[in-house]
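Across the two complexes that follow, chain A remains constant while its partner is chain B and subsequently chain C.
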Partner chain A sequence: MSKPLVATASLAGCFGCHMSLLDIDERILKLVELVDIGKSPVTDIKTFTQQYAVGIIEGGCCNSENVHNLQEFRKNCDILISLGECAIMGGLPAMRNGIPIEECLNEAYLEGPTVHLNTEKIFPNDDELPMLLDRVYPAHEIVKIDYFLPGCPPRADLIWDALVALLTGKELELPYEVVKYD
Partner chain B sequence: MSALIQNILIKVGQKKDRLLDILLSVQEAESFVSDENIKIIAGSLQLSEIDVRQCMSFYHFFSTKPSRHRIFLNDSVMANLMGGQKVKEAFEKVLNCKQGEINADGIGFYTTACIGMSDQEPAAMIDGVIFPSLTPERVRFVVEGINQGKSLSDLYYLPLGDGRNGGAALNTMVNSNIRKTGLLLDDYYKSGSALTIAIEKSELEVIGIVKTSGLRGRGGAGFPTGMKWEFCRSSEGAEKYIICNADEGEPGTFKDRVILTEKIEMLLEGMTIAAYAIGAREGIIYLRHEYQYMRQHIENALAVARTKKMLGNNILGKDGFDFDIRIQFGAGAYVCGEESSLIESMEGKRGEPRFKPPFPVQKGYHNKPTSVNNVETFCKVCRIIERGGEWYRRYGTKQSVGTKLLSISGDCPRPGVYEIEWGMTLYQMLEMVGATNTQAIQVGGPSGSLIGKTGFDRKICYSDISTGGSMMIFDQSRDLIKDVVLNFLEFFIDESCGSCLSCRACTQQIRNKLEKMIHGKGVSTDIEDLKKWAKFTLVSRCGLGQSAANPISTSIANFPHLYQAMVQKEKDYDTCFDLASAVADSCKVVNRVPNF
Partner chain C sequence: MERVKFQIDNKDCEALYGQMLVDAARDNGVYIPTLCNMQDVKPCGSCRVCTVKVNGRYATACTTPVACGMEIESDTEEIHEIRKALIELIFAEGNHYCPTCEMSGNCELQALGYRFGMMVSRFPYQFPQREINTDCQHLIIDYNRCIRCKRCIRTIKDKKGKSYFAFINRGDKLEVTMDKEMAKTMPLKVAELAMENCPVGAILLKETAYRVPIGERRFDKKCIGSEIEETDVKVFMGELNNE
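And now, the complex of A and B:
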């Protein structure tokens, strides 16, 4: 039997969750015994060519590209996991939620203290660019998410245990310290 | 310092714990509390400006903007049921401003939660004066009158209210609507009769009688009154307080309003008996801001009691029994009905509930032993002392002794106050008020339960379906989800003090999900989610959060078909996400045409 295929994506995140995934250290060797990693920033494979077993999502959606990407994952993966605070709740990028989009754009491109070169005061608006959403959405507000792994980032052990549990069908142990974050 | 503030400080005292009264007095004089005055008040009480502002922002009725008049229109479920939306539109039209704004003539228009007039909705408060049973025509009449400079009492469109409402002290259009009397509301109570008996007995004997009667608190929680007093009496400390909880904030309740109007002497006497029993020298009536039209009426009753030596020093000749009562106004916050936040509020702070223990009977007002009791509870005590604990036990059922005042409103021909014996079934109640074609009854206000036909044989009592008194009746024409459940959720969201995540955030999540379902995007897992999330709220600090999801959980339990009807059969997951509308704003700002 061929190994289950796993895909990962970083949407509106900081790649910290992917780093944490790599933090499983030497167990990565065991992981590749268990699964094949396909489309992912780790492998640089960019397209889905067949149905995947698991998709792991880091980050929420802040623009139209994130949305398309996420919808693509939903279509091509049997199981989707939201990994980390940003995917689950929007996280740090969602700090802009509640601030009108015009103010955000002004701050970023026109008036921010580090803006020096935009002398013509233009907003980037090429058709090739993704379009910003009115707010940052957690992944499950766009598509159905099957599992949530909390943390910023979730610890490597949690990711490892969750993946093993999922692939072997065993129940995942979630001690209090793992899901308590205050 | 301005002369105004100086006078206020002299009158109410230059103390931090009187901040609420100071702010209310300033606002009464000037219609708002200016930045300048906030500074002065902060300085004179040795508070920071932000202390004053955070206190003000907690309550609905403080304003930092001047206005000539302020109109607060009730937007409770009952108000809307009785045509509130049309009345609101009429206000917005004649005032030419939206809710939350001050119009060109300096009239502020706001909506507010239930103002205790559910039997005569839609009702509004204009500068503290109640305008009940509003219609669009009446709105036009009143606003035009105000614009012509007429005084509010010249704009009454109804005769003065029944009972004592028509007297000079109250002078209001509000009706008491007493429909059924019992041992509390009956006429044969004689002022002073209970107190005379009480002071001839020992303090412990008085508590003993109350215990024998089996009286339980009428504020909702149903705690045995005699036991509460015993705890308070035996708590350490010479200084003790009696507080009457007249906050009556639970939407749909108005029976305390009627007691305060018609039986104020009985209430004062009950408080005095309580003071005697626990050894308190000071009593306070915490009166909701919405009932400020009763101020003169209550002050008069206090003055009469003083001249009759039923308040003051050596009450009724009893050596060393000194006790007096003052009124403390709230400033608009439902959570202040919760006894520990009520105490916080009385100490001039934001009304955020305290952690318990210690309970108020141990450490209450100023950290001294304090008994907080409901208006109705104190009145019941008068009758019990007069006639004996055994006599009282003859009424009601074995576990739920005596009578209960119900505030009945909604789809029935005779809304009003009914004093019933515990043990009446909901069927009997519907028959009593003449309700027909009833779809549901909200028992106990938003924090209670939504009961459907299959539950109408349930008994109104502590062991079956308990209530603080609010009973709202909805007939078959009503949309229970949109018009009732959603409104209740909004109410809790507005009134949450925000201390607990479970209360502050879960309620919003639940509301959002329900709205999504109402908009036709429901899936079957949504119902399961709602049930699960409703449980989270149970870990909240106070009763508000703990019951905030009751509208959801009881309506799902008793009206499952209404939720099933909002579920799309062909989908198992649906968000309300719409890419086109999500990118519309940003595309406009950067000046590009959305492309997908």
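And now, the complex of A and C:
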């Protein structure tokens, strides 16, 4: 029987959650026995070519590409997991929520203390660049999410235990220390 | 003092007549979760996290005095659900970016989130636009995290008994503020107590931060309430979703 396929994505996140996934250490060998990792920044596979069992989402949605990506994941994965605070509630990127976009752009490209080279005072505006959204959205405000694994980043043990439980149908029983919001 | 008999979740208990239910429960080894309440401080009943059923009717355990023969439901699925929803509401109402918060690990709101197995708030996050007040020489008040529990107002007073803190505005505009003159002269000791008494990361000392390392903070390994009653908080698969 072929192994279940797992996809991962980093949307408006910092890749810390992916790093934490690698923090499962030698259990990564067991992980590749348990699943095939398909579309993911880890494998650099960029497209879905078949239905996946599990999609793991790091980060919320801050631009049009994030939204598109997330919707693709929903379409192509049986189970979607929000991994980490950014996917769950927007996280650090969402600290811009409530501040008008114009003010954010001005700060980033015109008036910020580290802006020195933008003498022509231009905002990046290439067709290739995704559009910024009015605010950062938690993943579950864009598509249905099945499970939530909090943490910044989520503890490796949480990721591991939850994944194993999900994939093997075994019962999950996590100790108190493993679920944290920081 | 007259002692009265009552029951919590069918457990026979005894307490002093007129004791508030949270205190009466604590004396009998039963933990009723609280957030706005502080031991030995006049209760104000603002957060509702201590909701129980007294003889079949909802009541806040921090403001309800115990009486003879009361039958209290606390550790039931229904009450658990109500409390969890209240906690999720508080998270969605403010800006609780725990990863950036100095109080993380020592915060009572967060600790309740852990205890109740909150993985995500079921309510839409509001992302309100809130300011930070730096009037005081020793403190900042970060309105992003204030839960308006009134603990600062109720407990932080000068020698004459005048509060350093006060509420202004009404409804969803309600805010804690400091008397500007008093803020300027607040002694460091008082400022430290203010930070300690705030259950969340809304009152913070200036010029110092993150003094306790991760792993040694108040709720890193111990669940809130475990000092009153042994609990074995575990998370199960079903709790990782928000249904």
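Operating definition for what follows: the second predicted complex is superposed on the first by the 179 of 182 C-alpha atoms of A that agree within 3 Å, B and C clash if a C-alpha of one lies under 4 Å from a C-alpha of the other, contacts with A are read in each partner's own complex, and residues count from 1 in each chain.
Simple rule for what comes next: a contact is a pair of C-beta atoms (placed from the backbone, for glycine too) under 8 Å apart; a residue touches a chain by one contact, two chains touch by 3 or more.
Small disclaimer: the values here were computed from a predicted structure and weren't measured.
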| item | value |
| --- | --- |
| Fit or clash between chain C and chain B when superposed on chain A | clash |
| First (chain B), second (chain C), both or neither touched by A:131 | first |
| Touched partner set for A:115, first chain B, second chain C, both or neither | neither |
| Partner chain(s) touched by A:105 [first = chain B, second = chain C, both, neither] | first |
| Partner chain(s) touched by A:149 [first = chain B, second = chain C, both, neither] | second |
| More chain A residues in contact - chain B or chain C | C |
| Partner chain(s) touched by A:64 [first = chain B, second = chain C, both, neither] | first |
| Which superposed partner A:14 touches (first chain B, second chain C, both, neither) | neither |
| Which superposed partner A:166 touches (first chain B, second chain C, both, neither) | second |
| Which superposed partner A:123 touches (first chain B, second chain C, both, neither) | first |
| Contacts of A:89 with chain B and chain C, given as first, second, both or neither | second |
| 495-503, 513-521, 549-557 or 567-575: stretch of chain B that collides with chain C | 495-503 |
| Footprint overlap on chain A, comparing chain B with chain C | 135, 140-141 |
| Interface residues, chain A side, partner chain C - complex | 82, 85, 88-92, 94-95, 97-99, 135, 138, 140-141, 145-150, 152, 162, 165-166, 171-182 |
| Chain B-facing residues of chain A, complex | 64, 67, 100-102, 105, 123-125, 127, 131-135, 137, 140-144 |
| For the chain C and chain A complex, residues of the former touching the latter | 91, 95-101, 104-105, 110, 113-114, 117, 119-121, 124-125, 127-129, 214, 220-223, 233-237, 240-242 |
| Chain A contact footprint on chain B (complex, rising order) | 572-573, 575, 577, 579, 581-587, 589-592, 594-596 |
